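Notes follow once the structure below has been shown.
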Amino acid sequence: MSPGADPRSVVARIGELEAAARTALSRRVVDYVAGGAGEEIALGEAVDAWRRYRFAPHALRDVTGVDAGVDLFGRHFPSPVGVAPVGYARLLHPDGESALAAGAGDHLFVLSARSDAAVADVAAARGTAPWWYQVYVTADRAVGEGEAARAVAAGATALVLTADTPYVAAKARQGRLRTVAPGADQAPATLADLRRLTGHGLPVLVKGVLRGDDARRFLDAGAAGLVVSNHGGRQLDRTVATADALPEVVAAAGRAPVLVDGGLRSGHDVLVALALGAAAVLTGRPPAWALAAGGGPGVDALLTAWSAEVAHVLGLAGCRTPADVTPDLVRRG
Amino acid sequence: MSPGADPRSVVARIGELEAAARTALSRRVVDYVAGGAGEEIALGEAVDAWRRYRFAPHALRDVTGVDAGVDLFGRHFPSPVGVAPVGYARLLHPDGESALAAGAGDHLFVLSARSDAAVADVAAARGTAPWWYQVYVTADRAVGEGEAARAVAAGATALVLTADTPYVAAKARQGRLRTVAPGADQAPATLADLRRLTGHGLPVLVKGVLRGDDARRFLDAGAAGLVVSNHGGRQLDRTVATADALPEVVAAAGRAPVLVDGGLRSGHDVLVALALGAAAVLTGRPPAWALAAGGGPGVDALLTAWSAEVAHVLGLAGCRTPADVTPDLVRRG
Amino acid sequence: MSPGADPRSVVARIGELEAAARTALSRRVVDYVAGGAGEEIALGEAVDAWRRYRFAPHALRDVTGVDAGVDLFGRHFPSPVGVAPVGYARLLHPDGESALAAGAGDHLFVLSARSDAAVADVAAARGTAPWWYQVYVTADRAVGEGEAARAVAAGATALVLTADTPYVAAKARQGRLRTVAPGADQAPATLADLRRLTGHGLPVLVKGVLRGDDARRFLDAGAAGLVVSNHGGRQLDRTVATADALPEVVAAAGRAPVLVDGGLRSGHDVLVALALGAAAVLTGRPPAWALAAGGGPGVDALLTAWSAEVAHVLGLAGCRTPADVTPDLVRRG
Amino acid sequence: MSPGADPRSVVARIGELEAAARTALSRRVVDYVAGGAGEEIALGEAVDAWRRYRFAPHALRDVTGVDAGVDLFGRHFPSPVGVAPVGYARLLHPDGESALAAGAGDHLFVLSARSDAAVADVAAARGTAPWWYQVYVTADRAVGEGEAARAVAAGATALVLTADTPYVAAKARQGRLRTVAPGADQAPATLADLRRLTGHGLPVLVKGVLRGDDARRFLDAGAAGLVVSNHGGRQLDRTVATADALPEVVAAAGRAPVLVDGGLRSGHDVLVALALGAAAVLTGRPPAWALAAGGGPGVDALLTAWSAEVAHVLGLAGCRTPADVTPDLVRRG
């Protein structure tokens, strides 16, 4: 049987999940998930940016046994699709981060610093599957550092420093859903914060990188990897799309793994990201909708179908594994 | 009288044929013909890609006696427009491949490996006109090779190895119309399969080429020609349009003839293809609609009008024959 | 008073004239004037092509006494806007070419080879104003050559050989309005025809040039000037727009004057043409509509307003005369 | 608290102000403010031109205490957003220029030569805040020069010579709202006029520059600064957008400050202008609508919110001050 033969596309699936979630959730929560900063220009362009690339697939290559799996920092994942940090998951589902963590299964999972759940519960939901912890720098440094230390103690296998949030950007359609505890408000993170985080002995990734010179600076300061991201269009508006920023960051990053998020919605999008040099991708809103619509099992079903679609298009492109994907597979449309 | 003076354009004709066919056929068969893989992005872009090119015609050239004929592998054809392999033609018309083969007349005709008709009947329908046979590699090599051998014995003058189908891609709007016999399911073809096919002593073309490096590899392995194709948008979605891939393949192919298919719908489109270096073009859906709407005579009428339109625009562009068409005739719009 | 201060734009005027003409004329005549070849793609793009260019005007330049006049082959014209050859003008107005010729006043006027009027009547309508005569090559050479000789005898000051019409292109929306006399049907013109025409001792321009290499060939064969034209989108469809072909022809033409037609509808368009190197422009459909809507006086009013608008925008761009317009005035939008 | 945290965007604010002004004003006055020259193509493109640029923000930079202030000719301003000269402000509000001048507060304010108010009253409304005076050259030089001298005497700190108005352009939707006094009609300004103006000992800026070579000429003739402007699309139509002309002028200007106006409507637009090299921006229609809708306080509220948004996006882009903004912050979308 051919890999990923389910004719229902992931794009269609995500559309259905979002529709179901919009029915299940209040308007305010929908706006919280769906919204972006400013005039939502970056938000609107993220999806299309991936879709502008075109493939020049290889023919006559033996793709028997195509396999979408990837390795990151010594751990194996069944596909390059992972779950991005999404704050306040309990707004989406009563079991919040725990359900999300469980649904992610063997896929890469990044727990948000703005988690409603106890980190121990999330760790338990992961079982033996690896998970990463996302860090916000706080005005009172002690608060954010305490959170990071607790996550490390609970078994996180990597730390992700979100670097694009010196303060939370104005979002027109987002009401004031909740207040963070005093001192827990984000503060501008600096290179010093990054250096301090590396002291935990775990790989530290910097999330929110959109430029090659920044990438170089962060790796020189001790980062082990980078996440190209504009925070899903939720911080500075009118940024370059992550699909367009990715090649510059990859070129600057040398051998360090570069992940990317923002607007990815299909196996084809993931194939583009791989061709542009991504080691893996993260996805935020799609698993959020899946969580709201179907809890942990909904998240699992989405990631399973998505990984199958990645394998399906890998083979059609003449690639047996993500490692076979080279930059010349894509042309800018 | 001026060549091709019928004011009804081929674009308009094909529109009418498709409309008539949609009336005559069941929804499932319409979807089988019209549909594409994934989100049908490659399908949708194929037609427009040809239409983006613009002509810089020559003035004051004597085009008296303009002639659209071409030679391929030592045989003459009245125009560069040929019929692409289309599987399961009996879904379209009771006389299936035989009617299609007869309607193609002296034009180039490629019989599909997924033919409902006996190869001998198709050969008979061709009379003295040349025909090529399209080959799929099967998991059980013997099945596909037996089919090819039978076609060679029946008088095929060239073989066309379809190379873009390691497995059939997921198509959202296509139901499971029929099952192929066990073992007849496509398997990933390889260079070894290509080399083996050349053993029949006929020219072997590789169909489904979208890259210059692949083109070079295939010719080095013994291919006599290439067909630039993305399978009519029915395999990997979001590929480059064949109109855009053609120049790269032509540049790599040296003196080997390069054909192209996908989205060609007018004499103007064919003129673009010639300018981009194609030796000839194939067309799939238009003769399929013509077959459904009018049987073999419908196919004949379409190809006759199309060839006349090719001659008409050749002359208006200052070219007496396809050989007069040079790359500088087109500019990318 | 500022030059060309009438706030009603030429674009708006032409719109009104076309609307009035459509009311006055039969559907068949409207289609004759408005229509184009093939799918009318070249027709549709002609107007927009001029509108894509943007100006980088000069500031702080003394434009007192701005003057739009130009000289061509030793004769002075009040502006660079002239009337293109338009066949069968009697379909538009009972006084046909004579009214058109009179309405053109001191502006450049080119009489069509497909004139309904006697050449002597047209000459009379021009008075002392110069006029050019457009030539078609005919299958029976004697026919076309006789027409040209009669025009020369009647006082034409230049000949214009239309070179893009080896035969009349198929036009979907144009009925068979009339039949030309036997032998009067166009035949493919050649360099030999051009050379023969130069024997009359008048400047000969070649009309229908879209390429630099053709331009060079024609000038080498004795042409005194060129008209960049795609016949108003009435011959080969999907040609490059004349606005886009103009610079290449100008570059090849050296000091020979290059005129251009196709889709020009405003003083701004003319300013673009001047910046791209045109010595003057011709206009076909706008004076045709003006003739149908208001006879000779309608044509006069249009050309007067258009010339005033050319002067108006010249001054706003910091240019006192067409000679002050340099290529760097425009940027491709 | 994060800078500029008001979630209501400046784009939205301006939309509301325009809507309110349109209710308050007569159709003729609305057309006077909103309209442009010719077909209003330059007018329509001005806003979008800024919005086509995309940001590549810096992450992990300490932006604590972000400050949008700028210095120009030795004076400090709270933000790079200033008020452009807008003629006949009394049409918008009974207190006209005085209310506008007061509402501008500490922001840069340029008084129009077509002011309804006595220059002394405007000077009084400014208090200690600096203001610049815009000059038109008049056919009778004495008129314009007398106006300039009076403004200098009243305390203007710089002069702005509008250079794109040799005469007022035709505007289709603008009625003849009022007649200027005889002799007060604009005349083509020249380099000699610029040189004479520098005699007042104040910095003289040339407004209406769209080309690098012009910029160089004006600085060589004694200009102290430049304003890239196409007069809000009110003079020559189809000019390059000021967002597109700015880099060329900045490159030519060396160390002289370059301001820009036309279509700026948000903090993001201002960030683009800074990245393209602007020292500050001017805005015309937005404060005009604010004046009509809310008088001086309306103007003040708009400028305050706009400056806060500039600070907000500066910080999100990783810049503490306008001086931190470098050209590589933007990419052309």
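Structure notes:
When the chains are written out, they are named A, B, C and D in that same order, and each has its own residue count from 1.
What we mean here is this: contacts are C-beta pairs under 8 Å (C-beta built on N, C-alpha and C of every residue); 3 or more make two chains touch, one makes a residue touch a chain.
Nothing here was measured: the structure is a model prediction, and the numbers come from that model.
Counted as hops between touching chains, the shortest connection from chain B to chain D is 2. Of all residue numbers seen at the chain A-chain D contact, under half occur in both copies; the interface is built from largely non-matching residues. Separating the CA-averaged centres of chain A and chain C is a span of 60 Å. Here the CA centre of chain B is 43 Å from the CA centre of chain C.
Shown for chain D are the residues in touch with two or more other chains, of which there are none. If you sketch which chains touch which, the chains form one closed loop in which each chain touches exactly two neighbours. All chain pairs that count as touching, in label order, are A-B, A-D, B-C, C-D. Residues 2-9, 11-12, 51, 53-64, 266, 268, 312-313, 315-318, 328, 331 of chain C touch chain D in their complex. Listing the residues of chain C that touch chain B in their complex gives 37-39, 41, 163-164, 166-172, 174, 187-191, 193-194, 206, 208-211, 214, 217-218, 235-241, 244-245.
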